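Next up, some structures in C-alpha cells.
In the two complexes that follow, chain A is the common piece, with chain B as its partner first and chain C second.
Let's turn to the complex of A and B:
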C-alpha cells in the first residue's frame, strides 16, 4: 500500500471531509469503562497495549497523520501564538524531540528513520516528505525551535511542564487541537492555576492527588489517562481564540444531522518524564468519532447513552454541550435496549 | 480597610497586609485607596521614610491621596497618572535593585499584578513582592480573541475595548499577563448578550 492510500486526504475545517475507516472505528479509544462517569485521577502505566490498538506504541501514528499535520500548519499560519516556549524550556524541547524521533523510528520504520553519528542526526519523515540533517542540542541547525520542529510532525497537542517548588509549571506548548483552553493565556501557570476553571474536581481532591502523583513520575515509566468532551463537526481547533467563529455551529444541529455532525472527542493524555531537563512532557492526543459511526458498536452505543443522560449538569455545562444534551440523549436512546454492558471499553469483549 | 473577597478562586493570587521588613531600599507602589495602606505602613515603621521611594497613581474611581502621602515626606515621591505612564520608572528601580530591595504594592488587583509581573521579569521571585488589596475590585481583563487588555472592568459582561466583542469574565487569572480572561458571551447565539451586571465594584 502506498503512502497516499493509507493516509487520508481530508479536512478538519470548512468542508469537514474527515472520516474514520472501519478499522479506525474498531480501534477508537472509547473512554468509558462503566455506564457512568465522574472525574477521577484514573492514571495507569502507559505500557504497550493490544496490537492494533491506539496503545500499541508510545505514540500512535494513524491514517489521519498527514491531514492533521496540514491542519496544524494552517492554524499556526493564522495564529503563531499557539506555539510558545519560555526561554528556559529549550532543553525540554530537545528531550521531546529525541523521545518522538526515537519512538517513531522504532515503531514505524516503514515511515520514519533516525540515524545518529554522535550529535549529528539525520531524520527522515516519509509521509511528510522531510529529510533533515541537524546537530542535536544546536538550535541553529533546525528551521524551528526543537519543540516546534518535532510537534509539527506529531499528532496531538503537547505541553512541557517544568518542575520546581513542588509544583509543575506549564512553560511550553504546541496547542492547535485543544478542547477550549488557551496556551497563550495559561503559559507560566502552575498546576492548580491552569486547572482553576474546571468545576467539582478540586473539591474532590483530584488535583492535589494528581499533582502528588506526577511529581514522582519516573523517567522510563510513562502514564496515561483519558479525557473527553463533545464537538459539533470534526473541528480539531476548538480554541477559545476562535470560539466566536465556531460557537454558532452548536445551534444548527438537528435530528437529521446529529448522527453525522456530533462527534465524541476523546483525549488520550500521556505523561513522560524527560531525562535531561527533568521536565514532564504531556502529549494530548485527540480522537474524534461521529455518533453514527460510534453506534455501530452496540456496547458503546448503550453506554454512551447512559453516560450522557446521567452526567451532572455542571459537567455538561463545562464540557459545553448542555444545550444539545436532549438531542443527543434522544438520538442515542434508539440504540440502547437496556441490556447490561460488560466492564471495560473494548467493543469486542461483550 | 482591607478588601474582603467573597469567594476563593484557585488561580487568583492571595493578598496579605503590608508589613515593614528590614532592607536597604524600599519601593512602594500604590493606586487609589492603596494610599491608606502606605500611610499605615509608615505609621508602623517611620524609619522606612528615610529610604522609601513611593510611586503613586490616583484610582480609576477618582480617589487621589497625593496630598496625604506627600505630607509624610518619603525620601522620594512620584505621582504618575497611570501604571502605563509610571511603568518605566518602576522597571528602572527593579532593574537597578541590589540585594535587600523590599517591594510593597497596594491598591487594585490590576496594579499589584502588573508590579508582580514586572518584578518577576526583572528576576525577583514573585513572593519577594508584598501585596495588600485596597479599594476597588475592578478587573484587568485580556480578551482571549484579540488579546487586547481592557483596564478597570466593572461589569460582566463588558465590551472589549479593542475588538468590540461582548465578553464574560472568567474566574481565571494569569500572573504573567496580570489579567483575567474574557471570553465571547454570545458566541453561540450572536447578538444575545445578557444585561451587564456590576460585579466588580
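Let's turn to the complex of A and C:
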C-alpha cells in the first residue's frame, strides 16, 4: 500500500471531509468501561496494549496523520501563540524530541528513520517528506525549537511540565487540537491553577492524589488515562480563541443531522517522565467518532446512551453539551435495547 | 517499585579506591545497551544480596548525564552502619552482576535560576558532579563550595578544579578553613538558587542561615539521604496482609515487610520522597519518626509512618499494609 492510499486527504474545518475507515471505527478508544461515569484518578501504566489498538505503541500514528499535521500547520499560521515554550523548558523540548523520534523509528520503521552518530542525528519522516540532519541539543541546527519541530510531526497536543516546589508547572506546549482550553492562557500555571475550572473533582480530592502520584512518576514507566467531551462536526481546533467561530454550531444541530454531525471526542492522555530535564511530557491525543459510526458497535451504543442520560448536570455543563443532551439521548435511545453490557470497552468482548 | 519501572540488570566494570573511605563503582548494562539519560541530582537504588539479606541503598549518580554508556556512583564506607556500604566495599568486584533502579531525581536543578550556588560537604559532592557536567553543557552559571575534613578525604577536588577552574572553591576543616556563609550569600545576584548536600548539621546551617537572610524558600534545595537507623527489635501487624512480622535491630520496617513477601511502595528508602507513607491503624507505644517527609503535626498525630526509616517502641503496632 502506498503512503497516499493509507493516509487520508481530509479536512477538519470548512467542508469537514474527515472520516473514519471501518478499521479506525473498530479500534476507536471508547472511554467508558462501565455504564456510568464519574471522575477518578483513572491512571494505568502506559504499556503496549492489544495489537492493532491505539495502545499498541507508545505513540499512535494512524490514517489521519498527514491530514492532522496539515491542520496543525494551518492553525499555527493563523495563530503562532498556540505553540509556546519558556526559555528554561528547551532541554525538556529536546527530551521530547528524542522520545518521539526514537519511538516512531522503532515502532513504524516503514515511515520513520533515525540515525545517530554521537550528537549528529539524521531524521527521515517519509509521510511528511522530511529529511533533516541536525545536532542534538543545538537549537541553531533546526528550523524551529525542538518541541515545535517534533510536535509539527506528531499527532495530538503536547504540554511540558516543569517540576519544582512539589508542584508541576505548565511552561511549554503545542496546543491546536484542544477541548476548549488555551496554552497562551494557562502557561506558567501550576497543577491546581490550571485544573481550577473542573467541577466536583477538587471536592473529591482527585487533584491532590493525582499530583502526588505524578510527582513520583518514573522514567521508563509512563501512565495513561482517558478524558472525553462532545464536539459538533469533526473540528480539531475547538479553542477558546476561536469560540466565536465554532460555539454557535451547537445551536444548528437537528434530529436529522445529529448522527452525522455529533462526535464523541476522546483524549488519550499519556504522561512520561523526561530524562535530562526531569520534566513531565503530557501528550493529549484527540480521537473523534461520529454518532452514526459509533452506534455500529452495539455495546458502545447501549453504553453511551446510559452514560449521557445519567451524567450529573454539572459535568454536562462543563463539557459544553447540556443544551443538546436531550437530542443526543433521543438519538442514542434507538440503539439501546436495555440488554446488559460486558465490562471493559473492547467492542468485541460482548 | 510502586509505579512500575523495571530494574536494570547491570555488570560492574570498574571499582576504584578513591581514598581510604570512598570507592567508586561503574555499571554498564548487561545487554550492552545504553543507560537511560538522567538529570543531575538523580539517584539510583542498588540492590545487594548480602548473604541472603536483601539490601537496597540509594546512591547519587555522579557520571555525566550526557554519557549513556554507563553510570558511576561513589560509596563512603560506614563501619558502624547496617552493612550496605560495607557490602559494596568488601564484596562488589568487577564482573559482578547486579540490579539497579532507573534514575529518580529528588534534588533537581531549577533551570530558571540565573545562577546555581552549590554547597557540598564530604561525600555530598556526588550529585553536584553530575549537575555541574549538565550545567556546563547548558552554558549555565554556577559556583561550587566544597568542604572536606582534609586533603586526603576531599574526593575529586583536584579533578573538579582542573575541569572548572575558579568556579570551584575548596575548604579543609583540619586546616581551619570554613565557608564564610553570610558573606557568600550576601554576594549572590538576584535569581540565584542554592543547593546543599552533605551532613545533617551542614544542611541545617546552610538552610537556616539563608532563610534568616530572607532567601525565598523556593530558591533553597537540599538533599540528605538518611540511612535507616539501627534500633530495638519490634513487631508490627500488617492489617491488609493479615500477618505479624518481626523487625530486627539492624532491619528497617520496610525491609521486614518485604522480607515477609509483602509488596510495598518505595522510591528513595531514605525518608525523603514520601512514597512509602503508610497509615497507622493502632499504636500502643511510641512511633520513632526519623523521616523528613511528614510534618511535625503529622508526626505528633501518629496517624502515619514512613517504614523506610522510622521505627516503633511499645506494646502493639498495626499498620495498613
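Basically, the second predicted complex is superposed on the first by the 350 of 350 C-alpha atoms of A that agree within 3 Å, B and C clash if a C-alpha of one lies under 4 Å from a C-alpha of the other, contacts with A are read in each partner's own complex, and residues count from 1 in each chain.
Basically, a contact is a pair of C-beta atoms (placed from the backbone, for glycine too) under 8 Å apart; a residue touches a chain by one contact, two chains touch by 3 or more.
For clarity, every value in this text was computed on a predicted model and none was experimentally measured.
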Partner chain(s) touched by A:218 [first = chain B, second = chain C, both, neither]: second
Touching partner for A:195 - first (chain B), second (chain C), both, neither: first
Touching partner for A:241 - first (chain B), second (chain C), both, neither: first
First (chain B), second (chain C), both or neither touched by A:336: neither
Chain B versus chain C as contact partner of A:10, first or second or both or neither: neither
Shared chain A surface residues [contacts with chain B and with chain C]: none
Of chain C, residues touching chain A in the complex: 1-6, 36-39, 41-42, 65-66, 102-105, 108, 110-112, 134, 137-138, 217-218, 267, 273-275
For the chain A and chain B complex, residues of the former touching the latter: 81, 182, 184-189, 192-197, 202, 240-244, 246-248, 250-251, 323
Sites on chain A touched by chain C in the complex: 45, 88-89, 91, 95, 98, 137, 162-165, 212-213, 216-221, 223, 275-278
In the complex, chain B residues that touch chain A: 9-11, 142, 144-145, 147, 165, 170-177, 181, 183-184, 187-190
